[in-house]
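Presented sequentially are two complexes of subunit A, the first with subunit B as partner and the second with subunit C.
Presenting the complex of A and B:
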């Protein structure tokens, strides 16, 4: 256990160091990108409320929507994995995975710990921006809920990494699999509530998406933070992720085993 | 002049042919790319359709007008996907691996080769889908005057030039900075400004999006050509900004090339 922890902390440190090496890149990734996304969405919501000429929309105020889009842009950026999924695919496609599977560690944990380390730093830095905006403009945010929200997001990241791992394993069988990442992440973008709050959807779709683990990526944490949802609903996120994690890990294991059997170690 | 044009057209047709052969090599990827773009279109439509359940207008436009805006956006975006995106995405690799040497040594315009070497033939399907969607949305408009399509077609090349030159500008930064992946994401964020109707922005932002960072030309201006009576100022400006952007992009390309150190030599 001690060795396992030490090893994974080293991987997490590696993830942090690699990404902090190019600070300009990191700055754009952690601050500029989500800030611009939030900025554009704020314009949209302002225009929407100006057109409706009402104080509330579907029971929520303009301030509530603004708080939601600001937090959603940042949380959505954290609760997704592009870079490490592509890295895993590259390792399999090029054959450089050989160097990893020979070591006393698993391919899964090697990238999971790096992802968590990297996301932790992104979280610490980038959350300062929505935090200062909501505090400055007095937008509704329950800051005492932030630790629990962070816990859910990082638990969700393990699930997202399992999905990434499963997608990357397809590279054992197909030559180019990057389009799978796009399809998967676009779908997650819709069903997680990053595109718009899930409560705007018709009841059937809302219920369906809330029962999926993806809602725990954006809608549940942001909704809880901005007082849109109850604690009970928020806590269902942990259960949904746990169920999703079991299913995805099981499928990943099968694909990984089959993939390794068919893998010929090209590029070794 | 005619000979030069003929030479480049021939070269372009060869590039299309080789790209198509290369794309068919990975058929699953080929099909998935089409599907991915359809999913993206679906996302854009869904986001506005849901919002229109709660409001009659967003900016200046109602639900039907917004659908036309999305139709225009899909056409422009699919053109960008076909001709520009892959080349821009690969540019950083070409610089890093020194592949740019081979392009610079060729007896053709290096900017042309860098920009159009690979055509994403899978996205042609999406272009057809986008055109079909656009025609459907236009047909839904009450009392639509079809002659307005003339102004639309006049402005569309500018839309594509604006996307191309802005993306090209950011790609060129790869020649100056070693690692600039995030700079490319920065471009995407600028592009995102054009994915929303310009009427939602404050007047100052709107002005910036028409001049310094002309992302309004991505879809908002062409849509106005269809939905509103012809605006002489916008039409003239679009005829100026297109060639001007191309000219500036070439100057910037030549400037950035001075920083290229040729990794493979």
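Presenting the complex of A and C:
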């Protein structure tokens, strides 16, 4: 256990170290992009309320929506994995996975720990953007809930990583599986509530999406942080992720095993 | 003592699909693909005792790398038995992986974006190594390889030779019992090649690991290997010492002649040998039984200043052999 922890902390450090190596890219990723996304969201919702000439939408005020979209843009960026999914695909497609699977560690943990390490740093840096905006505009946010929200987001990241791992494993059988990432992540963008709050959806769809683990990626943590949902509903996120994790890990295991059987050690 | 590596009736088949030239065949390939089998290894059986250095030689595509991939656990065998240090390598148990090291000359095993010292730190965590002992070892190895000055430079900024030295240190850090070296000197200049070869030679004498080495440079093989395995078209063609292989294969000697003056006209010695006008130095490969006859024939036409004979070396023997296998 001690060795496992030591190894995974080393991977997390690697995730941080390699990303800090490219300072400009890190700065764009951690500060510029979230600031720009937040700016666009603010303009969009200001325009929406101005055009409809209303004080509330579906029972929520303009400030409430602004708080939601500002935090959603931040949380949505934390709770998604493009980079590591592509890196895992590359490793399989080019055969550089060889250096990982011939060492006493697993491909899954290697990338999970890097992802968590990197996201932790991004979380700490990027959170300055929504924090400054909500404090400046006085938008409704229960900051005391932030630690519990962070816990859910990082638990969700394990689930998202399992999804990425499963998608990347398709590269054992198919060349160029990036189109899967695009379709998957765009779907998650909608069903997680990043694009708009899930409570704007008709009841059937809202219920359906709330019972999926993806809602725990954006809607539940942001809804809880902005006083939109109850604690009970927020806590269902942990249960939904757990169920989703069991299913995805089971499928991943099967695809991984089959993939390794068909793997030819590309390029070595 | 049980052998470090034991292989029995090993076979490996790769599957791919055949595509004809042109756009239409690409379109057709969307629904109809013709799959083909390629036998990479066929009925390989061998036993390697602990501490032996094996030179694995063969033409491109002969199956050398496939054998290394199977022995290290990277890919599964299609059939047959493989036992490495008492493990089925394809199960890739952590205890097994801690005892081996694989260095693929055409792939980085260290991390591209960080300095080798950081990569070694990571390896210490992965292999659960004692930090002080490992740091001492890194220093020792880097001193021998004369590369201490690049330990803190990102891998991506190093030359190929420096990178390979760093890779070697990384591969040896956990004292592997078996070392798989696939083309460790590929692409290196002659100085770097010699440096790595000398280093490995000293390391083998000191630590006595089992090594499976493939290289296209026969100097690597002849200077490091105790035993030669030649693979041809997926089959084990030769398994024995380098000397025996050379003796068995070489049926010719090199005959070197220096003429007093360049030849004026073309001289036909036999069906195979034609000396062109203007030749001053002549270099021929001839069967020992025909040597006297050839020298006599040439002397009839041309005054000879000096005659010498040489054994054909291992590199040439292998080259000639591989030519026959293509």
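Just so it is clear, the second predicted complex is superposed on the first by the 268 of 268 C-alpha atoms of A that agree within 3 Å, B and C clash if a C-alpha of one lies under 4 Å from a C-alpha of the other, contacts with A are read in each partner's own complex, and residues count from 1 in each chain.
The rule we apply is simple: a residue touches a chain if its C-beta (ideal position, glycine included) is under 8 Å from a C-beta of that chain, and two chains touch if they have at least 3 such contacts.
What you are looking at is a predicted structure, and each value in this text was computed from that prediction instead of being measured.
Asker: Quick one: is A:265 in contact with subunit B, with subunit C, with both, or with neither? Answer first, second, both or neither.
Answerer: second
Asker: For A:101, select first, second, both or neither according to whether it touches subunit B, subunit C, the two together, or no partner.
Answerer: second
Asker: Thinking of the overlay built on chain A, is A:10 touched by subunit B (first), by subunit C (second), by both, or by neither?
Answerer: second
Asker: Of the partners subunit B and subunit C, which touch A:243 in the superposed model: first, second, both, neither?
Answerer: neither
Asker: After the superposition on A, what does A:182 contact: first (subunit B), second (subunit C), both or neither?
Answerer: Only subunit B is touched by A:182; subunit C is not.
Asker: Give the label of whichever partner, subunit B or subunit C, reaches more residues of subunit A.
Answerer: B
Asker: In the superposed view, which residues of subunit A touch subunit B and also subunit C?
Answerer: Residues 22 of subunit A touch both subunit B and subunit C.
Asker: What residues of subunit C sit close enough to touch subunit A in their complex?
Answerer: Contact set of subunit C toward subunit A: 14, 65-66, 69, 72-76, 92, 94-95, 97-98, 100, 102, 104, 106-109, 111, 113-114, 118, 121-122, 125-128, 154, 182.
Asker: Over in the complex, which subunit A residues touch subunit B? Could you list them?
Answerer: These residues of subunit A touch subunit B: 22, 24-29, 32-33, 36-37, 40, 43-44, 46-48, 51-52, 57-58, 174-180, 182-183, 186-187, 189-190, 195-196, 200-201.
Asker: Residue numbers of subunit B touching subunit A in their complex, please.
Answerer: Residues 26, 28-29, 32-33, 35-36, 39-40, 43, 46-47, 50-51, 53-59, 177, 179-183, 185-186, 189, 192-193, 196, 199-202, 205.
Asker: If we count contacts the way the header does, which residues on subunit A are in touch with subunit C in the complex?
Answerer: 3, 6-7, 9-11, 14, 17-18, 21-22, 95-96, 98-99, 101-105, 260-261, 263-265, 267-268
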